[in-house]
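I'd like to ask some things about the structure below.
As written, the chain order gives the labels A, B, C, D and E, with residue 1 at the start of each chain.
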Amino acid sequence: MSSGTFLIMRHELLLIAAALLVLIAEIFGNPEKKSRISLFSIILMGIITAVGFLPSPAGELFGGMYVSSGTRLIMKNILNIGALLVFIQSVTWLNKKENSSKVSEYFILLISTLVGMNLMISAGHFLIFYIGIELATIPIAALAAFDRYKNKSAEAGIKLILSSALSSGVLLYGLSMIYGTTGSMYFNEVSGLFHNNNLQILGFIFFFAGMAFKISIVPFHLWTADVYEGAPVNITSYLSVISKGAAVFILMIILFTVFPVIVATWQKTIFVTSILTMTIGNLFAIRQQNLKRFLAFSSISQAGYIFLGLIGGNQLGMASVIYYVLVYIFSNLGAFGVVIAISNATGKENIDDYNGLYHTNPKLSLIMTLALFSLAGIPPVAGFFGKFFLFTGAAQKGFYLLVLIAVLNTIISLFYYLLVVKAMFINKSENPIAAFKSDFYTRFALGICVAGIVITGFASIIFEAIRNLSFGI
Amino acid sequence: MINFSYTIWILLLPFLMFLLLGLAGHKLKAKLSGLLGTFGLGIITFLSYLTAYKYFFTSEKIDGAFQKITALNFTWLQFTDKLHIDMGVLLDPISVMMLIVVTTVSFMVHIYSLGYMKGEKGFERFYSFLSLFSFSMLGLVLATNIFQMYIFWELVGVSSFLLIGFYYQKPSAVRASKKAFIVTRFADLGFLIGILILSFNTKTFDFISLTNPSGAAISQGSSIGFLGLSVMTWSMIFVFLGGAGKSAMFPFHIWLPDAMEGPTPVSALIHAATMVVAGVYLVARMFPIYAISAPVALDVVAYVGAFTSLFAAVIACTQTDIKRVLAYSTMSQIGYMMLALGVAKYGGETGLGYMASMFHLFTHAMFKALLFLGAGAIIHSVHSNYMTDMGGLRKYLPITHITFLIACLTISGIPPFSGFFSKDEILAAAFQSNKFLFAVEYAVAGITAFYMFRIYFSIFWGKDTQYQHTPHEAPATMTIPLIILAIGAAVSGFIPFNKLVTSDGKILETGINLVIAIPSVLIGLLGIGIAYIMYRRESTIPDKLAAMFKYSYKWAYNKFYIDELYLFVTKKIIFRYIAVPVAWFDRHVVDATMNTIASVTQGVSFRIRGFQSGQLQKYAFVFITGAIMLAVLFIYLWK
Amino acid sequence: MDILSLFVVIPVLTITAILLLKDTRQVRVVSAFGMGLQLLMAGTLVFLYLSARHAGNSDEMLFVKDYLWFKSLNIHYSVGVDGISVAMIALTSLVVFAGIFASWEVEFLRKEFFVSLILLATGVFGFFISIDLFTMFLFYELAVIPMYLLIGIWGTGPKEYSAMKLTLMLMGGSALLLVGLLGIYFNSSPDANRLTFNILEISKVVIPLPAQRIFFPLTFVGFGVLGALFPFHTWSPDGHASAPTAVSMLHAGVLMKLGGYGAFRVAIFLMPEAAHELSWIFIILTSISVVYGAFGAIAQKDLKYINAYSSVSHCGLVLFAVLMMNQTAMNGAIIQMISHGLMTALFFALIGMLYGRTHTRIIYEMGGLMKIIPFLGVCYVIAGLASLGLPGLSGFVAEATIFVGAFQHPELFYRIVTILAVSSIVITAVYVLRVIAILLLGPTTNEHFEHLPDARWFEKISVVTLIGSVAAIGLAPFWLSSMIGTSLHPIIDKIIALNPF
Amino acid sequence: MAANQIMFVLFSAMIVIFSILTVTSRRILRAAVYLLFVLVSTSGLYFMLNYQFLAAVQLSLYAGGIVVLIIFSILLTSHISQKFESSGLKKNIFSAIAALAGATLSIITILDYNFSATTEAAKEVTMKLIGSSLLSVNYDGYVLPFEVISILLLAAMIAAIVVAKKGAPKPTELPNINQE
Amino acid sequence: MNSGIPLQYFLILATVMFFTGVYGFLTRRNLITILMSVELILNSVNINFMAFNRFLYPNKLEGMFFSLFIIAVAASEAAVAIAIIINIYRRFTTINVEDVNEMKF
């Protein structure tokens, strides 16, 4: 393996190395001081994230099975940032007694899912893509079932793994058809051999259904809420941003590079599903009381908006999707960060519990508000820019109707985001959550999120950088 | 060319006075503010007389006609290149004549109020409002363009509103002021629409270019028809609506009697002498257009004027509140003026009506102000408005008695008092052009004499009423204006109006037409005679008559139920059947639609919750069917 | 730092300063200072603008500054003003200044209140200085959102419902608007690589008519929602009724103007053909707004509702005039915006002060207040008179200009509709006088009110500022009118050039 | 009928029948055994198709590994003789409709497609070829997935342990801050 | 060895198996039997890959390798799933899928 190979594959290799290091630390470390493993993992992840930004050559490895390019690198970097944030946010929770025996497992599993995602993004072959996606899912299911003393956690785990198995089955079935009609599983070969025939479309739809499952696109989304609610909050946040983001990235890459021939078909597919997704996600979110469930549906509808960037198949759309995922990571992790902090301190996860939060914990409320506004796309925070660019991407190809439906949907979403804001600022509570001080990790992570929410929008350089690396069909 | 630019002070002074008294008045001593206001108006009066002298006697005439002089003019608000509101001073015979009327009466009222309003709360407020009114009225009179006139027209309306509602804690005063404002506002709407139509066609607001009989503007729009009448006619009718509102012509007359809730000096100034004749002034101002381009509109003016004069005169006979009687009498007299304008034509002999109208306006201002101030003096001493509470007052109020008598004789058209001359001209003009209208006016002359002497006899003669406090003559501040006005009323008939104020500015040769003069004096005397019989002493005749014509009396007493009709329209129709339903519609239909969208969303959200059943297999089912349906859709249905 | 950006920077600095303050009592002083500075700045801007025009600078926009922001989409942060925006900025500074004093006695979460209020103002200022559609939209939404908290936290009555409704409906408007703006953007240049959000540049091209037909209604209605266009006005009564005083002032006084301004500056200016073609629909809607709002006001009992409906009527007049698409009417529309902004702010300030004393807004529960609180009473009468269009106060100037302008429309239909709209002045008089009569005049009905205190110094500052401005415009409208008029020329030229009707 | 055709019919019949039995049998252990039969028959098919290596993998990993795992877990969680009640009729019908619809759709689409027979020479699937392909870093080489799958297996192992591991302390009650 | 058997037969066989698995997934109540249905599904996919590889693209071994890795992934998936199922059994004392629905709506 040459150094060039290492450079190209450094994300995956470093992550694997990190996983092994954590494993070694687990085995040889002092069992009394396991909490240090958290810090160790965070430092490792921090280093990996930083290294990821070093310039890197683009190239193909393994006869085209592994592809690296600027776009894919930036996607991986974005995921790394998100993962790092999740890591930091997890510390308080992991320090609890009931979790103390599983700290290193937690990090190893998370890192291995990250390896899976990175591989899947760099895939040049459906096999790598498939293994990557499974590697990114199976450990997550175990993590969802991490709270072994909670029924809901176990339920979340089983629902995730079984549904995901079904979706993988459907996806594979679709892939088998694509294979049967093209004779190859290499991305660049498939795209050349694709025609607009029924069997291929059927294969594509099944493939799409499998992917849509991962992104929680309606009607393949039903697992989302239950899993999000049942899983530990950190895992929920990880699922809702990192897993989803990775799936969006790879779907986008595949759509753009493998399926340009049937662009009309997948545009229609996306058109229908994104409308369904936004609307259904929003409609369900309205009624939710549990914040995790609430954010689950919100993330479903967010996925619908993200599809608007995909639909055009244009450079702008791609840039806006990548950019939006970045913004979304900050916003959603900001919101989850607050939920995690409060959940850790009080165990409360309901919107009603947040009544009068502003009077006791103003900073947390403000961060939550900022994050929710960013999710809703309210200026001047980054979410506004993200949504604007997504819609611009769709409008560029003339999907004005879709944009209109999407923006009308943002009103519904604004409604329920405001419900939370209302709870925190306006509602009175007999028994509000008492003032508490979060530990350093929580505050640090939230600080990064806030900075991200605020800066990502205004600093046009971020978007421009992404834009320059993006490509259209 | 004479420099008239000082006339700006005629406008500025009262405005400054208004600001001074309005903003700082409560800090001054009450008496000082009154004196200040009076003094200010004195200066204005002086300036006005100066202007009148210079205009009529020293200004240059062209072709034997008085010229319209734009003393000063500046653009206040530019709409388009041609349409712009200017603020300025236009001097021509009628504006100068009005200047005299307004300042004279106003000055008298200012002095009079020093006594009448003494000790009232809000004395300085009263004077600031009076200043505001003077400012507005003068601005109206001197307007160089129709929009300026409209502006001051509105201001006059609001000062009238403020003054009627001066006793703002008295519900009836509040109601009356509101009514006055809204009714006139409604009429002003017509005025504004008229202006819009007029300016759309003529592309100018300027009076001089509008009313130039040979100018381009005057013929604009008379050829464009709309609903059977020319556009010019429409616009003039609409403009007249505005005039009718201010001048309390039927059917906009209802506010005037109620307006008597205001302090009596205000009634004298605004609701007798000056503001209410603004409508007449407006028609006179636009007269060339009426006469040349919109004769139909002019006929409307004539008939409305005639009807109102008769209608009001009849009601006046039945009222017992002396101020109300005077108010109806005012309406009736203004009807005279309107009629006179309506029957006139532009220029020459046929323009007699125009001159007569202006003449009557002038004399009427004098004697009606006198009447009101006299009534004020009476009320001041008796503390009642009702003539049923009065009687035999001649002993207690000698000066008031004499001046009031002069005024009554004047209005009844008895020579040599001024009313005789002006009314005679009007009747002559009516006789010239329309015998029917002449007949009406002739009858009205008789009725007028009757009802005026009805109150005269009831107050000063009649039964000897026992008063709780012995009535006493008013102070000098009140009697002096009475005397001055009485002199004015008596002698102003000798002013040669035919040489000064005519439709085309040229001298009009007129004389006393005995054929008309003698019968009119006779009918006046007849009216006085009947009144003498009925009211000189306590008599049962009026009651008998009232019983005999029970229903007609009742109708007239109740002012022909016009007020009730209005009340019905406003309260019932507008409020209950339009405004309330609109408000209801807004809340329960428009808003409800918006709320329904929200509740439907929530409802749908609730209904579809079954999809999220928590059952893994149902999820899978949806997944599979979803995939299959998408496949079917995109393979077979929507390829 | 250019002068225009200062209008955004100063509020932001003020907010920062407030946030850094420890002592909440100083908050209002700092706010007043910041907004006072802003008012001075506005004065300076007016002066600079007029002197630049006087010096012969005939550019369409002055003080233009342009910074490239998002290169790939050609999004700029670009600011510039013409007479219209200068006037609107002046209006905003006045109202905000008065609003600060009107909320002098907010006790609950004072810091947050002033921060939200100034944030709202920031959005409005930003909107008026922007000449780039993107930043304009950004500031537009920025202005809407603090409203939710302001009403929700500091409001009265069904505040949560009203706040939510207001926010959602306004965001609904901005949703339509967003689509409209994107449509404009993608048609802003025949060359796909030279698309722009810059209003001035877009105005130089003709957007294809089929595109205009789609995007004009979207844009117009999008702004129209904020401008209380029938039937999208229903947020207004509830919102105003529940909002705290300063917020009502700002909202009715300034925020609703964003609608009119946007409809004019974006919808009509950039898409005149469609505007001309479709104006009849919106003319009908706006005339309904005008008359219907006025009738709606007659039947109300709550002072704020009355004023809210009257705002519907008056703002309807703005859109009505804008749609007439000629110089005079548009000029009138702008003056009406300013005039209505001032007087409705005045109204709401006074209503707030009355409410603070009597704790009711139902007119029938009050009466004869003139005697007890003459200062406020007189101010209320003045506001009422301004509202019904009394000459000498700003309302008349605006309405007269609008009506004369609208009546210049060459088509009979428009003139007849104008007459309909004109008739609203009577209805306005009816409800204004009705309120004045019940509220202020007549005998005092409630003995509890006998000893109410009259206005205090900060209230006087607030009210006098506004009345002064109302009267200034009313007495000397020519400078305002001509300042706006000159700025309208390019717009009118474009309309005339494209629509030789 | 040629031998291979007979074999095909045999295998496919077994696959279909046992598949259906797997998903319908009311005794769980039987179902597991039926699954085993299906998997074995499938490996028979692979033999038929000349993929001996994969057939072997199928037998060892699938039939030998997974099914044993399943049976273990059955033993852990159920009584062997337990007959569980059949699921609701409505659910069965709807599921059957969905499955039938899906199958119909797929089959129609498959039959609709004109597969062009290959003209390429078949590669001999020798162990050597498989081995070298599996370790090749070039085109058509599978070393990368081979390596990654090892990580997956490791992760899966850890995951399974994390979930199933006993002995972690029970969660402590949260301090109720509100009462402090 | 595959002469005389059309490719379609294999495909149909796989399809039937696939949807049988789907049916099982949708109807079986026991979590383990659901897992078994998943195995059926994956197995059917494998048949597809093998058949395509053999009939259409015999010069490369992509299909075969794909199947190989699917089997491996299926194994690890099954391992984790079974671990979770056992955990479910501990928590709920049942592995009936219909009883595992604490979270809904």
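We take it that a residue touches a chain if its C-beta (ideal position, glycine included) is under 8 Å from a C-beta of that chain, and two chains touch if they have at least 3 such contacts.
Here the structure is a predicted model, which means the values were calculated and not measured.
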Centre-most chain by CA centroid is C
B-E against B-D, pair bridged by the larger set of C-beta contacts | B-E
Rounded to the nearest Å, the gap between Cα centres of subunit D and subunit E is 4
At what distance in angstrom does the C-alpha mean of subunit D lie from that of subunit A?
-> 29
Mean-CA-position distance for subunit C and subunit B (Å) = 36
Touching two or more other chains - residues of subunit B = 598, 609, 612, 614, 616-617, 620-621, 624-625, 627, 631, 635
In subunit D, residues with contacts to at least two other chains = 91, 94-95, 98-99, 102, 105-106, 109-110, 115, 140, 142, 145, 149, 152, 155-156, 159-161, 163
Two or more other chains in contact with one residue: find those residues in subunit E.
-> 11, 18, 21-22, 25-27, 34-35, 56-57, 60, 62, 65, 69, 73, 76-77, 80, 83-85, 87, 100-105
Complete list of chain pairs which touch one another | A-B, A-C, A-D, A-E, B-C, B-D, B-E, D-E
Which part of subunit B faces subunit E closely enough to touch in the complex?
-> 609, 612-617, 620-621, 624
Note which residues of subunit A are touching subunit C in the complex, please.
-> 316, 319, 373, 378-380, 384, 388-389, 391-392, 395-396, 400, 403-404, 407-408, 410-411, 414-415, 418, 421-422, 425-426, 460, 463-464, 467-468
For subunit C, which residues are in contact with subunit A within the complex?
-> 69-73, 75, 134, 137-139, 141-142, 145, 148-149, 152-153, 159-160, 164, 167-168, 171-172, 174-176, 178-179, 182-183, 185-186, 214, 218
Residue ranges of subunit E in contact with subunit B within the complex | 22, 25-27, 34, 97-98, 100-105
The residues of subunit B that touch subunit C in their complex are 75-80, 83, 85, 147, 150-152, 154-155, 158, 165, 168-171, 174-175, 178, 181-182, 185-186, 189, 192-193, 196-197, 199-200, 570, 574-575, 578-580, 582-584, 586, 590-591, 593-595, 598
